[in-house]
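Both complexes below contain subunit A, partnered by subunit B and then by subunit C.
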Partner chain A sequence: MKTYEVFLKKAGKEPFGHVGSLDAPDDHMALLFARDSYGRRSEGEQIWVVGRDHILAGNQSDLALADRSHKHNDGRRVSELRTSQRLKKELGE
Partner chain B sequence: MSSGDHAAREYLLGFADDELCVGQNHSWWIAVGPFLEEDLAFSSIAQDELGHARMLYEFIDPEKSVDEIAYWRDQRGYRSAHIAELRCHQWPDALVRHVLYDLAEEVRWHALSGGSWERVAAIATRAIAEERFHLQHSLSLSERLLATAEGRKRLIPSFQRLAPMGQELFRANVDELRLVDSGLLSSSLTDQKNSWIKKVETLLETFNCEINWEEFQDAPGREGIRSSDFESLHAEMVEVLNLDPNAQW
Partner chain C sequence: MKRWESLEDFEAFIVDGGIVEPSDEMPDVYRLAVFKFIELHANSEYMGGLTERDWIPKAPGLHRKLTALAKTQDEIGHAHLLYMIAADLGVKTRDEMMEDLLAGTTNFHNVFHYRVHSWGDQVAVAYLVDAAALASQQAVFKNCSYGPYKRILRRIIAEEGFHMRNGEELLLTMASGTDIQRTMMQDSINRWWLPAIQLFGPDSRLDDPLLRWNIKSERNEVLRDRYIQKFVPQLLNAGFQVPDSGLYQDGETGRWCISDIDWEPLKATMRNGGPDSKRRLIDAQAAWKDASWVRDALDEAVVSQ
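So, the complex of A and B:
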């Protein structure tokens, strides 16, 4: 048996999402089992099945660097700056 | 349906009862299937077969509740073929019955979808859409197993024992010519049986598995005689209703 990962795409603009994995003797059976295991209630309108050994897994430690907070820009500081500039301008006039 | 057509009623009741028994029998494998993926697939098929039985019962007797028809008839009121009642508690038997039964269903539903009874043809068309997956599943799995020596050792005895019995699926307790004349069936039961036998032989010929079709002694399932396996199957069907007659699900 080989292990496969299953991805489903719901209707509309939803992207494909990972829904689970399964074991099957070959690609053909993997597609059949994927439908029965993850799509038998019409949970999605498209299905992808990928052999796990075709997935390139990155190095985990490359992702877990100590402090990456400066990469999380929620726009708050820019918004505060703009607000204060607008107020200044309004008060000045 | 119009109660006037006794032959059609008897025929459809036999088909519905086959579906009910096979669906219930398949569902015995829930949680004990040979591996998780097969467990889910087989259970899903069981549910589909029960759904097909339901559609036919609703057509045959729209006045009665489906539970009443499916579960509370006198044993002599059932018309199921004995191969449908068979408790297949060994996986090779369960898988082989699934293959034989779904190959038969393909032929049987097409004979109904090609008939001139519009509502029955619509039910058949709906069933055929699901049966396509059942067939893919049963054939794909059994062909892969038969391609191995171990698989042949385990499956061939089941094919040799069960395939002759499967001929009962094409029996009726009414004149089959009437079923064709009334437009219910687009091909006779004899033609359907021959086309099923050809499908089974095509599947098995590459695996050195000869079937002795003569071995079958006509079983009287369609005449209202139940096999010895029916009682335990029926007890399982009504287990929940016996605990709580008002159970809803």
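So, the complex of A and C:
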């Protein structure tokens, strides 16, 4: 038996999401079991079944490590600058 | 992969609402506790699915047979999903869990150690037992620290919701039926009321690690009481009696109070010494044997590749 991971895509714009796993002897049976185990009530409109050993799992610490704040902008600087500009203008006039 | 220096660090992570994943280096005590909890849950779903299966041919009418079939698929499906995530914890394989269950060396919930005698019993199970199971699963889901279990519970809870509504529909159908139906239903409520409230277990220990590690989110007695406050009035409103001579409603708070529960029989039941435990296990062994040709065919398909 081989272990497979199952992904479902719900209707509409939702991306595929992982729903669980199953054991099956081959790919064909894996698809059948996936439908029976995870799609009995039409929970999704598409299903992906992937052998667990085909999944490349990245190193989690690579994702978590560095300071990524320069890749975000929470807009706080913008509002500070706007305020100071407005004050300058008001004082100047 | 997460890793903790000490059990204290791990517990601090849990208190902060941390989620543990299978690839994490979790403390062995936590791994074993989560595993045992999920294994018990899986076994119970499986044993429940087998009784459900018994009622597919006996349920009255095609519609009820179809819902019994759907519910059987759900319960066996729940067992399947749970055995998968339990096996990923690396304590036992799925086969080992099945062997232990059938050999009677592991446990399943008290409510599956009783015989389902009549259609009324089947309705009582759907109404009282599925609701109690759902309430305890919701309490686990709410704050569950083990990621795969939490994700699988979302699905299981959605399906248990169908079962519970189905149970209520069946109960109300019986309630608005003939005298024979109402008497049959009352008999079944008499049999299933106590097992259903015992499903929540005796009061939680003060230092229960399952609570500390966010596997359970609420104490057993809290869940049991909430269930009683909901189901006593529902049963009375439907025209049934609650089989408890000590039952009363507190005049000031309006809360329902039940007689003290003797927990000794539950302990024996949980050791597979309940009223119907032996037959249930023999039945489960027979079902497992009957389906061996399917497993053999699947194994052959593996070999032939």
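Throughout what follows, the second predicted complex is superposed on the first by the 66 of 93 C-alpha atoms of A that agree within 3 Å, B and C clash if a C-alpha of one lies under 4 Å from a C-alpha of the other, contacts with A are read in each partner's own complex, and residues count from 1 in each chain.
The rule is simple: a residue touches a chain if its C-beta (ideal position, glycine included) is under 8 Å from a C-beta of that chain, and two chains touch if they have at least 3 such contacts.
These numbers were taken from a predicted model, which means no experiment stands behind them.
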Combined model on subunit A: subunit C and subunit B, fit or clash: clash
Which of subunit B and subunit C A:Q60 touches, first, second, both or neither: second
If touched residues of subunit A are counted for subunit B and for subunit C, the larger one: C
Which of subunit B and subunit C A:S21 touches, first, second, both or neither: second
Contacts of A:R35 with subunit B and subunit C, given as first, second, both or neither: first
Shared subunit A surface residues [contacts with subunit B and with subunit C]: 1, 22-26, 29, 36-37, 40
Subunit B residues touching subunit A - in the complex, by the definition given at the top: 35-38, 40-41, 44, 133, 136-137, 140-141, 144
Subunit C residues within the subunit A interface of the complex: 1-2, 23, 70, 73-74, 77, 80-81, 84-85, 88, 94, 151-152, 155, 298-299, 301-302, 305
For the subunit A and subunit C complex, residues of the former touching the latter: 1-2, 18-26, 29, 36-38, 40, 57, 60-61
Subunit B contact footprint on subunit A (complex, rising order): 1, 22-26, 28-29, 32-33, 35-37, 40
